[in-house]
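A, B and C are the chain letters, set down in written order, and residue numbers restart from 1 in every chain.
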Amino acid sequence: MDPELINDCVHCGFCLPSCPTYVLWGEEMDSPRGRIHLMKQHVEGTPVTDEMAGHFDACLGCMACVTACPSGVRYDRLIEQTRAVVEREHVREPADRALRELVFQLFPHPRRLRAMRVPLRLSAGLRRRIAPRLERVNPSLAAMADLAPDPVKRVRLPRRVEAVGRRRATVGMLTGCVQGEFFPQVNAATARVLAMEGCDVVIPPSQGCCGALSLHSGRPGQARRFARRTIAAFDRAGVDTIVVNAAGCGSTMKEYADLLDGVWAERAREIRTVDLAEYLAELGPVARRHPLPLTVAYHDACHLAHAQGVRSQPRELLTAIPDLELREIAESAICCGSAGTYNLFQPEAARELGDRKAERVLATGADLLVSANPGCTMQITSAIRRSGAAPIPVAHTAQVLDASIRGLGRVA
Amino acid sequence: MATPQETGPDAPQETGARARHGAGARDALSATGVTVRDAGPGDAVAGVMPRWVALPESTEEVAALMRVSAGHDLAVVPAGGGTRLHWGTPPERCDLLIDTCCLNEILEHASGDLVVRVQAGVTMDALAEALAAQNQELALDVPLAGSTVGGTLATAAAGPRRLRYGTARDLLIGLTVVLADGTVARSGGKVVKNVAGYDLGKLFTGSYGTLGIITEAVFRLHPIPRARHWVTAVLPSAPPAALSAGPSTSPGAVAAALAASQAEPSAVELDWLAPAGTFTVSALVEGVAAESRAGAVRDLLAGAAEAVPDVTGGGEAPGWWGVTPGEDVLLELRVPPSGVDGALRAIAARGLPARVRGSLASAVLQIALPPESAGTEPTELAKLPEIPEIPQLAEVAEVAAFVSGLRGDVAPLGGRLTVLTAPPELARLVDLWGPVGALPLMRRVKERFDPDRRMSPGRMAGGI
Amino acid sequence: MTETLDELARGLAGVLPPGAVITDPVRLRTYECDGLTHHRAVPGIVVLPESAEQIAAVVRLCNEYGVPFVARGAGTGLSGGALPRADGVLVVTAKMRRILQVDLADRRAVVEPGVTNLAITEAVREHGYYYAPDPSSQQVCTIGGNVAENSGGAHCLKYGFTVNHVLALEIVTPDGDIVTLDADDPGYDLLGAFVGSEGTLGITTKVTVRLSRAPETVTTLLAAFGSIEQGGQAVSAIIGAGVVPAAIEMMDALAIAAAEAAVACGYPAGAGAVLIVELDGPAAEVAHQFAEVERICRDNGAFELRTAAGPQERAAVWKGRRSAFAAVGRISPAYIVQDGVVPRTALPDVLASIDRLSAEYGIRVANVFHAGDGNLHPLVLFDDAEPGAEERAGLVSGRILDLCVEHGGSITGEHGVGVDKSRYMPKMFTDDDLDTMQLVRCAFDPRGLSNPGKVFPTPRLCGEVPGVRRGVHPLVESGRAEQF
């Protein structure tokens, strides 16, 4: 934990109202200012206690505090360093340890995740029935079962998708582990939209997890391994721009150069990572948009809005679609509680935040919820399901654009 | 008339007697160098006759008088213009009347800072005149000719423009007071923004001379608006129809519409002869564009009024504007704005003839019983040797029933009713102030500031 | 933890919901300071009550054990007002953040003390209303803290401070009673005296605020001047012309640089000072005043004038100003935020003197201030790594307050006295003035348990205050009251 970074905090508290855990509990030590204070205590010699670790673990890493901070405090760096220290120095409860192992052995590995999906492939009804029982045994497993979206057919993407019409650029595309497994249709839409906007899209099959989940959970070693593999895969494919449609992956990949060192950092700097919306807004449209008569609520994924500062671009892309009406969700800066593995490790808090978000999403009365992050999509859908309200369809920005450009008249 | 010796149950008998009997007190007062004279019949405070009247010219002189009073256990009542000295409860005892008439200097008018520092005995009219020379004003409507800065603060008096500018407490930024023991204390300052220390100024507004004597005050000022226009309208129907039928033409609805209007009136006043008269509503608009804004107010009122509302410019307010509706029995009613119609309905339902007047949009109304007394020249009245008998008031009991009944009616609306002035017989029948939640705390404040109960004892709520 | 606190903590757990009593040392330490970080004290106990009744129960228990208590809202105070007591209880209102009632017909709202200032406006904005006092910290500071500090903001030039917008308060008195102070109460204006008392007269548990109608028109003008003197003259001329803008804010070159670094506010390049003048009200009035202000700015040497068209541009203009405090962190490793007031007409003089001080001590001073009411916020910059710099900065900061007092101003315009400025109180007030204020304090809190050690420079016994009971107060004699 870098004392310089800690000292940048002037204790003004401007970050408090944007912090989801502070919003929930109103306690200083579960606010960004309080967590930075805890870091300071540690730097000044206080060992990591159970309580301290608990407050760091409760941080969603949503980075809303980074956006809110007028002093430019790099909380993102700080919490990353802190998580590593906690993993290193703090001995967790056995049950907690086991769960963390399970998740880290599972999620970053597409193939293992695929195998895991079988037991999760329960019918909605069955899931509802076993959920309360799971809840009693282990809230985290319940959360996992609760979150897993209904299984969809696997989509195999080609190695290369040719640009439609005049080629304007060649880009690589990250498929992502969760996105690829649970939302393959989003990847398909992303590739199509890019192609229709004049891009050759290169999709290296050897790519795996980008390392985001590991990094956000204090496992920088594992994260670095994944990062190097990802860089190598895209290098080999010969692209210098990677378009990412999952917010969490994008924010991590943009930081590769800081995560790695030496020659790998150099290689990381030579590759540009951009979010899909960011890229499309910058590129400018060539494909014609067909009307989509829909009201759409756009959800700011933390890793997009706060970590990457991408807020206006997706809204611009959506409002450019004829007949589409965009509605803002109240408290849009507050995290939905998904935050990577958060809903697995802090199920109660995640659930409260999810319910809060669901309530505000439903209040917009929109036909469709648009979210650019698979974690958020799972989290909000399951919260709405829990609330007993009629489910609201959720789509990725890419899917909405895809539907409009292809003139489907509705989002597939 | 009760003699001071017989009242004041808490007065320590021995010392009190010694002080009052000996000529020592009188000599000591004179020794301060301040003009002191024996009190005459015109000096009575709500019927209680002081023994001496002192006419200090500075804060230091007031302090000297108060130190002597402390030493001789003299009860002291401050007086300003004496315009409303007879209002409120009579003091339990009164040895010395401190007349602030000679504290009459405007000490500093920093026009560039929109601030004025004045002595407490300066009359509001004299102050207004001086400020007007620099095209500025203290945006506190002068209640009565002859009333002083100190008296206005001590009674927390305010007029129609409270809607836009607030009341005395909102315009006061600094205060100098002399406490019962002669301590001179200042709070606030000469700048409009200041949060250093407790705001004693607030504490002394509405203190009726029971905490100490105000000797100097500093106010924030406003530029005199370039133009003023009044829009006056008579609402079409009289109660009960006006208060039940078309809700958009009730006084409350009209006030709400005006208060929310972007024409931003500075005041919205009501004049009404209860129980059956029609309602007259008048709004004041101030500013460079007052004329066009008055037009907007007129259009708004036209929808609710009987005939096309009357617009008057150039300072011609309706005759009743800002004038106290009566002098014999005067009540003050405050409700949350949405409760105005309900309160008027309750007044009408009581059936007693009354003149109701005051700030409709701020929902602070004065009620005079009986209505005929409206328009008497109050300053002269106060100077009369005795409070005149009130022949019209045949049934004090009837008024008492009105007060307690109305108090009960408005309580559910969040309203409260206080008696500003009334003949002593009424005071025996009803509580003049009504329930005050913070009374125990006020008592504790009084105990700290004036432990010997020598400052206007008994003049405030709860016998403070 | 001492035995008394141990016992008290157990008692508190009995009257509060589970988890609302914090005694873990690591957790407690996160509450050791407010926005003024160089005053620190780890609280003995922290409690997070959820209702007035719970606060009253806490206060009564504190009375029983003779333990002092300190209220805390969001902890953004800049005078150490919420500095805890190691031997006391910190009562945090962060969980009391319900808006209990919004009553547009009565133009008022009733809220719990932990509700943020901005949340009130957000709750009524769509109906065309807002809550007028707007401290720069409005997104985070609580209404309870605002009441305690009598907070103001940029727009208090025209609309006044917290005290002008609070209609009633429910408080828990220092002996644990729940009392309502109402602006409509006849008699002493206790409501007015309580506002700004910095938590020393009790704890606010409910606030009724006035809601204001959003003005028909708002026009925001950004004027760039070559020098801060020119800007100051423009301010005087505007006020002198009889225009009362909603706000007049000024920033000097250094403050502009900081804001630029933090939020890229895009103020005119090369400006020695910028003035933000906001006019609001009926369109016809604003149009007239705008022309006047524009002319005055030009006459006083403004080289660039920008008018914000629409809410977005207005927000952009304000962004730089609002972020200025915290943004200074980008141009200096450390800094002191000062808060003092001078009469408007003394602004040019005082600013020139600050310049001289800055040169004399070799300490940079960035100026951001509410020019319309002469409220200065000099940011005294220093490098805490440089030996002696902090002391010199402290001296400069103190000398600035002297300047304010010399010019007939105040040592604080909105941040309060707290623990930080209590030693400056004697510069502004005589012993008699302070003793008189103590009378109020003793009336509310004879045992001195509510936020002791703040506001007043010298600890005193309530019985000791001259002019009141001579001799020892019975409570002191019996050993039940302490010094404060």
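We adopt the following convention: a residue touches a chain if its C-beta (ideal position, glycine included) is under 8 Å from a C-beta of that chain, and two chains touch if they have at least 3 such contacts.
Please read these numbers as outputs of a predicted model, since none were measured by experiment.
Of all chain pairs, the one linked by the most C-beta contacts is B-C.
Taking the mean of each chain's C-alpha atoms, the chain whose centre lies closest to the overall C-alpha mean is C. Chain B has its Cα centroid 64 Å from the Cα centroid of chain A. If you average the Cα atoms of chain A and of chain C, the two centres end up 39 Å apart. A separation of 32 Å divides the Cα centre of chain B from that of chain C. Taken together, the chain C residues at the contact with chain A in this complex read 22, 24, 26-27, 29-35, 37, 48, 74-76, 92, 94-95, 97, 114, 116, 118, 137, 139-141, 262-263, 323, 325-327, 329-330, 333. Contact residues of chain A toward chain C in the complex are 7-8, 10-14, 16-17, 22, 25-29, 33-34, 37-38, 41, 46, 49, 51-52, 55, 69-72. The residues of chain B lying in touch with chain C in their complex are 110-115, 135, 156, 166, 169-170, 177, 179-181, 183-187, 189-208, 211, 222-224, 226, 256, 259-260, 262-264, 287-289, 292-293, 334, 336-339, 416, 418, 433, 436-442, 444-445, 447-449, 451, 460-462, 464.
Of all the residues in chain C, the ones that touch chain B in their complex are 103, 105-108, 128, 149-150, 152, 156-157, 160-161, 163-164, 173, 177, 179-182, 184-193, 195-197, 213, 215-216, 236, 239-240, 242-244, 281-285, 287-289, 341-345, 370, 373-375, 408-417, 421, 425, 428-430, 432-437, 439-444, 455, 465-469.
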